[in-house]
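Single-structure report; data block below.
As written, the chains take the letters A, B and C, and residue 1 is the first residue of each chain.
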Amino acid sequence: MKTNPGRFFEDYRLGETIRHATPRTVTEGDAALYTALYGPRFAVQSSDAFARAIGYPGKPLDDLLVFHVVFGKTVPDISLNALANLGYAEGRFLKPVKAGQTLSTVSEVIGLKESSNRQTGVVYVRSTGSDESGETVLSYCRWVLVRKRDHGATIAEEHVPSFAKAVDPADLASALPRLDAGAYDTDLAGSPHRFADYAKGERIDHVDGTTVEEAEHQLATRLYQNTAKVHFDALATRETKFGKRLIYGGHVISIARALSFNGLANAFALAGINAGRHVAPLFAGDTVYAWSEVLDTATVPGRDDVGLLRLRTVAAKNRSCAGFPDREGEGYDPSVILDLDYWAFIPR
Amino acid sequence: MKTNPGRFFEDYRLGETIRHATPRTVTEGDAALYTALYGPRFAVQSSDAFARAIGYPGKPLDDLLVFHVVFGKTVPDISLNALANLGYAEGRFLKPVKAGQTLSTVSEVIGLKESSNRQTGVVYVRSTGSDESGETVLSYCRWVLVRKRDHGATIAEEHVPSFAKAVDPADLASALPRLDAGAYDTDLAGSPHRFADYAKGERIDHVDGTTVEEAEHQLATRLYQNTAKVHFDALATRETKFGKRLIYGGHVISIARALSFNGLANAFALAGINAGRHVAPLFAGDTVYAWSEVLDTATVPGRDDVGLLRLRTVAAKNRSCAGFPDREGEGYDPSVILDLDYWAFIPR
Amino acid sequence: MKTNPGRFFEDYRLGETIRHATPRTVTEGDAALYTALYGPRFAVQSSDAFARAIGYPGKPLDDLLVFHVVFGKTVPDISLNALANLGYAEGRFLKPVKAGQTLSTVSEVIGLKESSNRQTGVVYVRSTGSDESGETVLSYCRWVLVRKRDHGATIAEEHVPSFAKAVDPADLASALPRLDAGAYDTDLAGSPHRFADYAKGERIDHVDGTTVEEAEHQLATRLYQNTAKVHFDALATRETKFGKRLIYGGHVISIARALSFNGLANAFALAGINAGRHVAPLFAGDTVYAWSEVLDTATVPGRDDVGLLRLRTVAAKNRSCAGFPDREGEGYDPSVILDLDYWAFIPR
């Protein structure tokens, strides 16, 4: 059989390493498309002149563009037969990526847990994205619910990994060159608010909303070479629970991050992903809003140029976030689609 | 408050200068997207080889891409609370922009006029786009109708500026390197018609039409980092007069300009904008057509390589321009959406 | 008349050469858009690092991006008044194209045959795409059914050319640098199957499907500066046989090629087009599937690094290709939209 049927739960072995296809040189073309798809306005990623003024060799690519490209490669091997993308943890952005660099991804199977009904199981992987010199640019864990091919198949070894509740700020220092924070021009950046202006517990409604079109999420998901067919095939998805194409969860993350500029304009670089959950699906025609809470603030050992905000960004669909839709009892307000807990750098 | 509420009419002061966020490096990626969004076919902007043959260092970016990027930055400070974009004047394209350059925008408030109902006022600005070396690439005036926050607020100083009916051709010479007009290959450019072939009063129906999709104008408007929410939020715009997303007026200008290639293929560079008006709104699903009239022709002092055509390009929706839909009495034919008066360079 | 009315059948002369507008520098921006539009995952075109490891100076542009750009230029001169794009033959990809190169196209009229009703005629052209140094990168023949302006007009000279059933593999060697096939990493490429793993007669269902949106095909077709109005004007096409916009046939070819990765991941470069036919039209909202048959395999004289697969890729709409929809009697299964016979290189 020449086509890739994808792996089923019983095909994974604890500790095995999977080298994913396709290595990908990320270019200014990808960066422009990323801007067209989400409209991010962070000055560092938008302007070579701004980035150089504070100490970068030139504007870095958006961290989430890097994330999506690294993630996309894992889909044919990890989630082609997945029923759900259950969560993220221990994500670390370790090195800025520039246009022209080539990214590839390797995943290690760090956990396997069969479901009690023996029809599915949870696969836990740690995926590592590297540049062409072999240096790690991003590492993160995710776990997905995967179908079994043969319900009777037995699993050699099971293990449920435990994850840190939050990435230690001390592990995030390498992601950023040392900055000249005095040269960081807040007029050009779009907001006067620096590290010290944010306080734990503060909540920000990002106000703006954006309605998503089929063409947009399809362009994005193909750009990331993510092949999950639920995003592209309107005919086949008619037979699914939702009856239509499902939007790639990462598309929602990028929309929420771009919306968060309005309130977090200087939190310009992602440092780590502590936890993430796609609470409900998004479909074309829906309008996305977002709000954020400052869960914590932290200084970075040995650095007085930047601080870290631990943010929780919640995205909702078809409902303004003025009322901060959130968890409710065991679940969530029905409008909530994303709950993402992450660290972001912000100049001091 | 961390989010940007936008300025209201009483927040502006005559003579003040506003430095806008976000500086933006414009790349080959943006140029490719611009081609995909509008399909322009002007040889100078399409081909490094063609551009070099006539004296450019390489292909310049499309003038309107530059315009939209420079314009987009002004939106959060000038038109977030605007009710209408009333007009343009005194636009001058002063320096060609290449991929890799970084654009930023500063606006000066040159006029303020409260409306007689005291609920709104007109803000006049001169916006100046500069490259990373600080040289001006584009300057233009526009005026917008802006809401007041407090209807009782008083305005310190009012002034209504007067604008030249047309930019003086003598002020436009710097926008273009000296060209080797003999090396300008009209076969490759797509039309044999040079400066001398156009006459004042001539009208051209550009024939072709293009239907606009939501995904297209949203991609374009985000590419320009234009944040006006009426272009993106289908849910919030349900409550507006039109009940749906409104397309950025600059999108219409770019469509009309690209359509105008069919008849004006050698009028390859914009030199100045004399006057412009968005006569009626455009919505997704509408089909745009355009026609042009040669209002005037002019030589450029000291240059025998190029001449200038003063053109009036009119765009209409859902009606072919074979009948040249135009002003009618006090208003316009109901199909008309754009009336733009500008200077364009054309080889002699 | 300043606008291009297109040529009619009686305007062509056997043997004449037409230099087409607009020369076009193809960039990383175009390559990124191509990825976003179709999602191809061939490692050689995706990764500079991968391409260099096997002997390319860097990643080449996708062969079909080159094809569409070369083809697009011919539309204003060849097919503006065409009723149908009848076929392709003798296509040869002769030189890899990198980002930054400038493509132009010349066509020679190699055949003319008036229809028996004297209202139309078939125009046969050989179109040649060259880079900025004048070297041919692509050559192919196509024939189109073109309207006559004046049904009474007489044709000076008629001729029906004959085409080779398939391009001779010996004529295709120049398209590829000599590769280090041992350095071709099949893990990164996404499939272990090399030349020897494919056998004549083998059929592969490419499994995946993709639903096409209006915005997508319009963006693609404009990117190629293809001006055929049937692709863009929803209002004018209401009066046509189909009542709606028709998708550029080349868009279908690119979709089918990208889908074919799943089964043909190492057949990374197109070498020649033997025959091609757009069997039925595609419209927005349709879902495209594809399957391929290995018609033949061939070695390339003097080269032990690569072999050639002669493939026939069939695309269908709104029907999975699990059942291999194909020719039926005189015609085709009603789902079939494309029947393309081509040579592709694959490492040995």
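Rule of thumb we're sticking to: a residue touches a chain if its C-beta (ideal position, glycine included) is under 8 Å from a C-beta of that chain, and two chains touch if they have at least 3 such contacts.
What you see is a predicted model, and the numbers here were worked out from it, not measured in a lab.
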Rotation angle (°) superposing Cα atoms of chain B on chain C, nearest 5: 120
Same or different contact residues where chain C meets its copy chain A, judged by the half mark: different
Length of the line joining the C-alpha centres of chain A and chain C, rounded to whole Å: 36
For chain C, residues that touch 2 or more chains besides their own: 27-30, 32-33, 213-216, 219
For the chain A and chain B complex, residues of the former touching the latter: 27-33, 35-39, 41-43, 46-50, 59, 187-191, 193, 197, 202, 204-211, 213-216, 219, 262-265, 285, 287, 318, 320
Chain A partner contacts - residues on chain B that touch it in the complex: 2-4, 19, 21-25, 27-30, 32-33, 76, 99-100, 102, 104, 132, 213-216, 218-223, 225, 227, 229, 232-236, 245
